[in-house]
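Here chain A shows up in two complexes: once beside chain B, once beside chain C.
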Partner chain A sequence: MSDLVDKLQRLSLIDLKEEEKERIGRDVQKILQFFNKINELDLSNVEPLFHPISQGKLRKDVAQSSLTQGEALSNVKRKENGFIVGPSTYGD
Partner chain B sequence: MISQVVKDLKEGRLDPEEYVERYYDRISKFEKKINSFITLRSKEEVISDVKESIKRGGRLAGVLIGIKDAISTKGIRTTCASKMLEDYVPPFDATVVEKLKREGAVILGKTNMDEFAMGSTTETSYFGPTRNPWDLERTPGGSSGGSGAALAAGFVDLALGTDTGGSIRAPAAFTATFGLKPSYGTVSRYGLVAYANSLEQIGPMSKNAEDLGLLYSIIAGDDPRDATTIPYEVKEVPSEISVNGLKVGVLKDILEASEEPVKGIINRIIDKLSSEGAVVEETKLGYAEYALPAYYIIAMSEASSNLARYDGVRYGYSKYGDGNWKETFSKNRGDGFGLEVKRRIMLGSFILSAGYYDQYYVKALKVRRLIKNSLDQLFAKFDVLVSPTMPILPPKLGEMVDDPVKMYAMDVNTVIANLAAIPALSMPAGFYNNLPVGLQLMGRYLSDTFLVGISMFVEKLTKIYDATAPLQ
Partner chain C sequence: MPKIGLEVHVHLNTLKTKLFCSCSSDYINKDPNTNTCPVCLGLPGAIPVLNEKALTYAIMVALALNCEIAPALVFSRKHYFYPDMSKNYQISQYDGPGSMAVAKSGVLEITNKKIRIRRINIEEDPAKIIYPTGSMLTSKYTLLDYNRSGIGLLEIVTEPDIESPKEAREFLEKLRSILEHLGVCNCDMEGAMRADVNVSVEGGERVEVKNVGSIKDVENAIKYEIARQKAAIIQGLKVERETRHWDSERGISVPTRTKETDEDYRYFPDPDLPPYPISKDLIKKITAEMPELPDARVKRLVEQYGISRKEASILVMDKALADFYENTAKLYKDYKKLANLILNDYLRWLNDKNIRASESRATPEAIAKLLSLLDKGVITIKIVKEVLPEIVLKGADPDQLIKESQLTAIRDLEYLEKVVEEVIKEDKDAAEAAKNDPKVINFLVGKVMKRTGKRADPQLTNELIRKKLGV
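After this line comes the complex of A and B, so read on.
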């Protein structure tokens, strides 16, 4: 089970607290069991339905008004000279 | 009726200050018990907005409205009931909020909900659970439970909710109010904090059928900023439609799976419809037991992708920032999300990962196709399908939230409409030991105003509208 929980943390980029690990592991297994119900059906000749609207729409490529830089950055916690400061991207 | 309030405010029969005071009075007396708002605006600000709005005019000039906290409001904090967005203030309005403001509506506050709309009881909120005004021991349903509770408590007469798998209809059913999950694509989702794009819609909530239709007619319509909206407009406010001669299908498989008291109340309504001349026939949805797992597989998959944006860098909870990007994101997300949200993101990521995608996700989409086909066949024969909105009475707090599979099972009747994109309306059907029971009407794609019209007729039979819980 700890393998499963490790995989889940890695896939979702969520660090679980110690006390959450067992709970989530148990719940996930129980929910997957509940999902397995759909394996009872023979679905080999059914087309999947991804989205209720069959096609999106296009618009002319013209500039529209949008947020100012100040507005767009108004919820950023760490910024410098109008840029967002992100975590380091090299090294491990 | 809101149309009367608008008239009275405009023509001076209702003093704007008195009007606003009336709601704040009740809120100051009872909100501590209910917890229906995450953010409440100051009374002075609201009074001044109401006065201004009456001068400008509009179909909702001066009318107060509660907005679910998943919908962006410029300058008013929008938290999605999450620690992740505790201090997030949107720099723009959602399209529906723009439309409401254009017609003169005034936002009273942002209503409580399950965190990121993930829940059916409004108990997963970071800001504490909302309680049902009809019985404070019980939940108001969810995830738009704050909106439902605020209506039933008499804090406001109009509200917006969002519905991904029943999140408008569950609270409507449990609080004796009205709610519509609109046809997919008829209401813009621009500015809605996304949970599961292919399933969710913003929709109106109210205390009677007329107000429901009015609110829907204002928020509906094509939006260039949301590519999933369709060319659509509600030109006239819906009017009453008699059930005489209407072909009504009763979804027997769903009805039979409901609790006895719920079944009893819904059966009485069906008898009434019949004696009013409706042609009532029992039928079956088919695949009902597969709809629920298919729905949750799709919803969690879409959620895992949508919620990837919360990393604490551009907005939201951001305690950590010194490590590399992977550590930073993982820590911020681990701290910022609550347990149910983590469960759903993790399951969604798992389902979409190599080796499981075909086994779960694609199969769920195939079940979705089967359900849509089954409904297409039913609507070739019936004008409207009726069932209970919820299979159970409002549960007590704590009864459901600790067992995810049990909580998911509450949504068995409502997820169908989201999978198939059709409109579904919940309205009060009756009370059992003072606990509300809701009737669900489902119709053909784009028959939203038709459903509202029927509910205007049915509310006269039930005589349950403008119901306010007797709080003390």
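After this line comes the complex of A and C, so read on.
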């Protein structure tokens, strides 16, 4: 279980303290057990269903107006000359 | 032999809108973040809806690359954290439970070789990252422009069948020509074709160089990687599996992420996009409407114009060049002479300036006129070659050009005879030698040409010299 929590921590890019790891480990265990109930059913004759809706829709290739820069950036905390400021992408 | 595989990303930039929203696909040179909506900004609750034309384009490319087409279009979420993707997943395609690529198992033929296509994915482009210092390595932060976010892409993945930088180049040029003939991509546009390059040499692991921006750079990146990896192995170092970044300015690759094997994209079918069945009827309809493809066009050009297969292939490698040839051929009927001029001199000026045929300023009328003037003896082939760059690069009119520069051919016998006499008198040794050596005659012709400002008719000059020397 602690391996799984370590992996989840890494994949979600968050730092967990030891006691948090323990608590989350217990929660993850509960969630997995809950879903494992499905494994108790005999599903050998059931086709897997990946979407409740059987057919998606398409749209015509016709342009419509976009948001203004002000609207697009209205929830952005750090901006510079109309750009969104993001973290560095090099190194760890 | 090195093993090389390519993942080519092709912008579907002839679509009018993005892949999953109605924002314009025309994002270049717009102010940052002015071409977005809740879908392509990745805001919670926004629902993507696929562009109908994108599916048609993907099927066209799949057919052109001899692929098997999936029974349904299914999208998956590919999860990763990077500033260019605010919703933390890219809508892409994946082979796994309940999901598959739009097409797989194709083939593209280059000279004497078949390169297998593993699969074709439809996916969205992320936002554009700008590095304030101009370099990923030294920038303390990034600037993001979401105008490009959501632009439709095809990812075309090959098997590792490519064995040299040259083959990679040929593959990409052929692919580009196919995409241009299909009209799914204007490949001259900035960033329209990018590739991730996988290279491994004997005794080493596979190294991936990400995001290489041009065919030339792909060739260079492969050359660099083969040299770097071979050198490492000779020195007894290990070539480990890693992802590198291509620095086009310096012409080298640098390491990026260190924990490649740890990557886990947690793919799953996107619940926002239910599957869309691809019917046999739809494929049949698209097959019937497919435009002429490069291989067929090469064959037709050979038959229709009597040019060689090699000549036809070079023309067709750049669709605009083949179009230009055919449009000029409507006006000028010596097809071989025309092919000769376009493939040798015309193309040389394009290559010299590093531009493609679509950027040439010459009109078919101008080239047809130029060759007619040559046929009528008004100008010499030397003059044709001399004025060509003005026509190609500046769109000059041949009549005007020749009139202004007084470049008409000299066919005035009396005058030419006088010049020939002078030249022979001045260089008696050469004249003597020329009696036994045709090469020296050419040397004398050259002298006459020089003295007349290249306006002497070379054929006529040659005859006059021979007559004068009695050979």
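For the reader, a short list of remarks on this structure follows.
The rule we apply is simple: the second predicted complex is superposed on the first by the 86 of 92 C-alpha atoms of A that agree within 3 Å, B and C clash if a C-alpha of one lies under 4 Å from a C-alpha of the other, contacts with A are read in each partner's own complex, and residues count from 1 in each chain.
Criterion: a residue touches a chain if its C-beta (ideal position, glycine included) is under 8 Å from a C-beta of that chain, and two chains touch if they have at least 3 such contacts.
Just so we're clear, the structure is a prediction, and the values are computed from it rather than from any experiment.
In the superposed model, A:N81 lies in contact with chain C only, and not with chain B.
By the touch criterion stated above, A:E47 is placed in contact with chain B alone, chain C being left untouched. After overlaying the two complexes on the shared chain, residue contacts for A:K57 are found with chain B and with chain C alike.
Legend: residue contacts after superposition of the two complexes on their common chain; A:K30 is shown touching chain B, with no touch to chain C.
With both structures placed on the common chain, the touch criterion links A:L16 to chain B but leaves chain C unconnected.
When the two structures are aligned on the shared chain, A:I38 is found in touch with chain B, with no touch to chain C. After superposition on the shared chain, chain A has more residues touched by B, the comparison being chain B against chain C.
On chain A, the surface patch touched by chain B in one complex and by chain C in the other comprises residues 7, 11, 13, 48, 50-51, 53, 56-57, 59, 67, 72, 84-90, 92.
Considering their complex, residues 88-89, 91-92, 184-185, 198, 224, 227-228, 230, 287, 289-290, 293-294, 296-297, 304, 308, 311-316, 318, 321-331, 333-334, 337, 339, 342-343, 345-351, 353, 359-360, 362-370, 372, 404-405, 408, 420-421 of chain B touch chain A.
The touching residues of chain C, when paired with chain A in their complex, are 15-17, 22-25, 31-38, 41, 49-55, 73-74, 79, 81-83, 97-99, 129-130, 136-137, 139-146, 256, 258, 262, 264, 266, 269, 271, 273-277. Those residues of chain A that touch chain C in the shared complex are 7, 10-11, 13, 48, 50-51, 53-64, 66-69, 72-73, 80-90, 92.
Looking at the complex, you find that chain A touches chain B at residues 7-9, 11-17, 20, 23-24, 27-28, 30-32, 34-41, 43, 46-53, 56-57, 59, 67, 71-72, 74-78, 84-92.
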